[in-house]
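Lettered A, B, C and D in written order, each chain numbered from 1.
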Amino acid sequence: MLEKLKAEVCRANLNLVRKGLVIETWGNASGVDRERGLMVIKPSGVPYEELNWQDMVIVDFENKVVDGSFRPSSDTPTHAVLYKHFDCIGGIAHTHSAHAAAWAQACRAVPVYGTTHADHLACAIPCTGVMPDDRIAGDYEVETGRQILDVFQAQKLNPAEVQMVLVACHGPFTWGKSAAQAVYNSRILEELCRTALLTEQVNGAANPMKAALIQKHYERKHGKNAYYGQR
Amino acid sequence: MLEKLKAEVCRANLNLVRKGLVIETWGNASGVDRERGLMVIKPSGVPYEELNWQDMVIVDFENKVVDGSFRPSSDTPTHAVLYKHFDCIGGIAHTHSAHAAAWAQACRAVPVYGTTHADHLACAIPCTGVMPDDRIAGDYEVETGRQILDVFQAQKLNPAEVQMVLVACHGPFTWGKSAAQAVYNSRILEELCRTALLTEQVNGAANPMKAALIQKHYERKHGKNAYYGQR
Amino acid sequence: MLEKLKAEVCRANLNLVRKGLVIETWGNASGVDRERGLMVIKPSGVPYEELNWQDMVIVDFENKVVDGSFRPSSDTPTHAVLYKHFDCIGGIAHTHSAHAAAWAQACRAVPVYGTTHADHLACAIPCTGVMPDDRIAGDYEVETGRQILDVFQAQKLNPAEVQMVLVACHGPFTWGKSAAQAVYNSRILEELCRTALLTEQVNGAANPMKAALIQKHYERKHGKNAYYGQR
Amino acid sequence: MLEKLKAEVCRANLNLVRKGLVIETWGNASGVDRERGLMVIKPSGVPYEELNWQDMVIVDFENKVVDGSFRPSSDTPTHAVLYKHFDCIGGIAHTHSAHAAAWAQACRAVPVYGTTHADHLACAIPCTGVMPDDRIAGDYEVETGRQILDVFQAQKLNPAEVQMVLVACHGPFTWGKSAAQAVYNSRILEELCRTALLTEQVNGAANPMKAALIQKHYERKHGKNAYYGQR
């Protein structure tokens, strides 16, 4: 069942390690089958070296395991919330990559310091609020998803355009059209976070890039008249 | 004698190098046979490239060599103190990995800045006091062990829950159920130290994460109702 | 057509990745045939893993594609401006390598802190001004080239001696006698930027090196009586 | 002639690259034959990938080439000064490794922040003064050697115990009983410089380690009653 998606999701998970974004079991990636309303996700706490595509777990959007001999990632309910509310997305990745985790732990959105950032998104990388105690006491992983929805709603962000977020005190979630694109965005995010910190270290009074440059770079890659890449 | 343990301990030592935690001869790992009251440890100053499992040294808890043609690691008496007093542990690792050594040299405990940290321990990573002169003049490596016992006693820490410590001005010691788990904890520690420093660099006024979140993350992985991983 | 140059340029592009200067599609390198007035450049947005020398695109200095089945790099017009005005150069490279991008995003020229820098150029690594809005609204990539020409003119720099520049808020461009030398200079630049930041971190009041030492090191490698390397 | 030494010196030079201490042609290592009063050194500016042991150059202490088809490293006269005045040493290495170069460019000696440092030397890693203009105008590379002799004399350092130095605004020189040990010391130095900077970043008010601990660690490895390693 969903063999092709399982293989895709397994490869995405392994790429998190290969790209240096995950050590030990600190991450997970998933993919979705929209027609069936099912997602495929990494099993919880299984070492990456031992991961086979057959080990991937199929879960519905209410977090019920539909297929698989392992328990799914403990972050599964967060993935489910995102799939339910962001219907443009086909894959999700979650890591604790060092620089993205550092900005998340510092509870700071990442300013647009340069064109590298604007090539990917036209605003600061959003950071959620710190989760209130009543939510922590509730269904924690579902609430993590709600924290993400909240910041997107408050800042009127479009998840098709802004494909990454920092969960305060925790770490990054990224998504995209597929699990592979979500992993790609995890890598972009880590590098943007690293370069933003370096920028502030080179110039403690560094300013975000001006709006005209942000718009120009974002549009040339993602706008109606985009001319980056092959069409 | 203790061939299986020797092989395990040798592999653990080699993994310290493979995981980027040790250069040259800057580290050692050991494992214990509780029934026999013996530990197996790396020989002192032997280059990792030349290490065979047969070279591992068997030592009792009074630091007497029971088997082996090499002298054991000069840190052996510190390992012995830990095995004697922390009877829950089966393996120990010691490194000078850069970020853990930096926090140790800075004589600072590592605050819990995020869930990555809380997934592994529910308090700051403890740092011993600086060793008093009379202890330095005494049996130095035994006293290093005592410095560790002191901070665990003073802070009422449980070595089964807190499996890592920074020795002030020196570097980290980690432990676990086996030599392999001790090495795993050395890697976790290095990454937590790296991310904590990055967090302070991103936000000079960063606050430790609130208690409810610390508890939640620690419990979901290590508590009675833990739901992380496979059971 | 221009097969040898295509192979050279392809290799230079792949070396950007191998040397750790480019991730994903964040860079490009080109080479020029001065007699024909044509340049060879990487296709836009094509993953490095899939790059063959046959995919390189031939473009004239007015940015018209002369040969190739792909669209050329979106930065092609910037390369063209540099080839037109800096007639001493045979190859160009553009990256978003982290430390060079950080100095560019911080809008700072890199001071000459040591002999490593002076071995390669005898002045600070120049940084352009931030592009004015009217230029952004115009032919953006051509204007990026003009920003570079402006800083070289204002500071009376010789592109045969100063083979690197930071474009403010964007990232580095480097050049040389060939695409390979441009890539070499990208690597040198990244390392100079990294060491300069580290220098300021070690000593917040670090001073640029004195003029006599700068001159001595530059001359011993590049002066009339240079005695570095083989002749 | 001196074939074994040439092979040794070539291997040492290649290890500078393998250990990540040198990129491109930014370094050199040499070894000495004390009986013949000759040293073997890397040729100047030859890429490491193309280096064969037969390319090593034999030079006497007056910098006269005795054997070899290449010109010797431009830093040869600095090596010669050290061999002439430090008669305990058998090999020398020079790099521009990033952290050591940063401390040199910052013109700061590296404080003893921890036992890792004290395991190798019992004092701060010395940094020369900035070279006066008249020396720069003179025989520059010889004067670089004199700057090193000056700081060793002023601080009454023993080159058999302190096997590393930072040349202000330039970078590190290290030495040892052989070219291989000099390279080993280059690696130790780079790691000590990295950890010292991290220590200051973790704690801006970090203090050097107290004298009793420095002495204890240095003696246990290098003192009369040393008990580290195999005897």
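Convention: a residue touches a chain if its C-beta (ideal position, glycine included) is under 8 Å from a C-beta of that chain, and two chains touch if they have at least 3 such contacts.
Bear in mind the structure is a predicted one, so any value in this text is a computation, not a measurement.
J.: Could you work out how far chain A has to rotate to sit on chain D, using CA atoms and steps of 5 degrees?
T.: For the C-alpha superposition of chain A onto chain D, the angle is 180 degrees.
J.: Taking mean CA positions as centres, which chain lies farthest from chain D?
T.: A
J.: Answer with same or different: of all residue numbers used at the interface between chain A and chain C, are over half used by both copies?
T.: Counting shared over all numbers used gives less than one half: different.
J.: Return the distance between the CA-based centres of chain B and chain C, expressed in whole Å.
T.: A distance of 46 Å separates the two centres.
J.: In whole angstrom, what separates the CA-based centres of chain A and chain B?
T.: That gives a centre separation of 33 Å.
J.: Pull out every residue in chain D that's touching 2 or more other chains.
T.: 200-201
J.: Please give all chain pairs that are in touch with each other.
T.: Inter-chain contacts occur between A-B, A-C, B-D, C-D.
J.: Which residues of chain B touch chain D once you look at their complex with the stated criterion?
T.: Interface residues on chain B, with respect to chain D: 23-26, 43-46, 70-71, 74, 96, 98-99, 101-108, 130-131, 133, 136-137, 140, 169-171, 197, 200-201.
J.: In the complex formed with chain A, which residues of chain B make contact?
T.: So the residues of chain B touching chain A come out as 113-116, 184, 187-188, 191, 194-196, 198-203, 206, 209-210, 212-213, 216, 220, 227-231.
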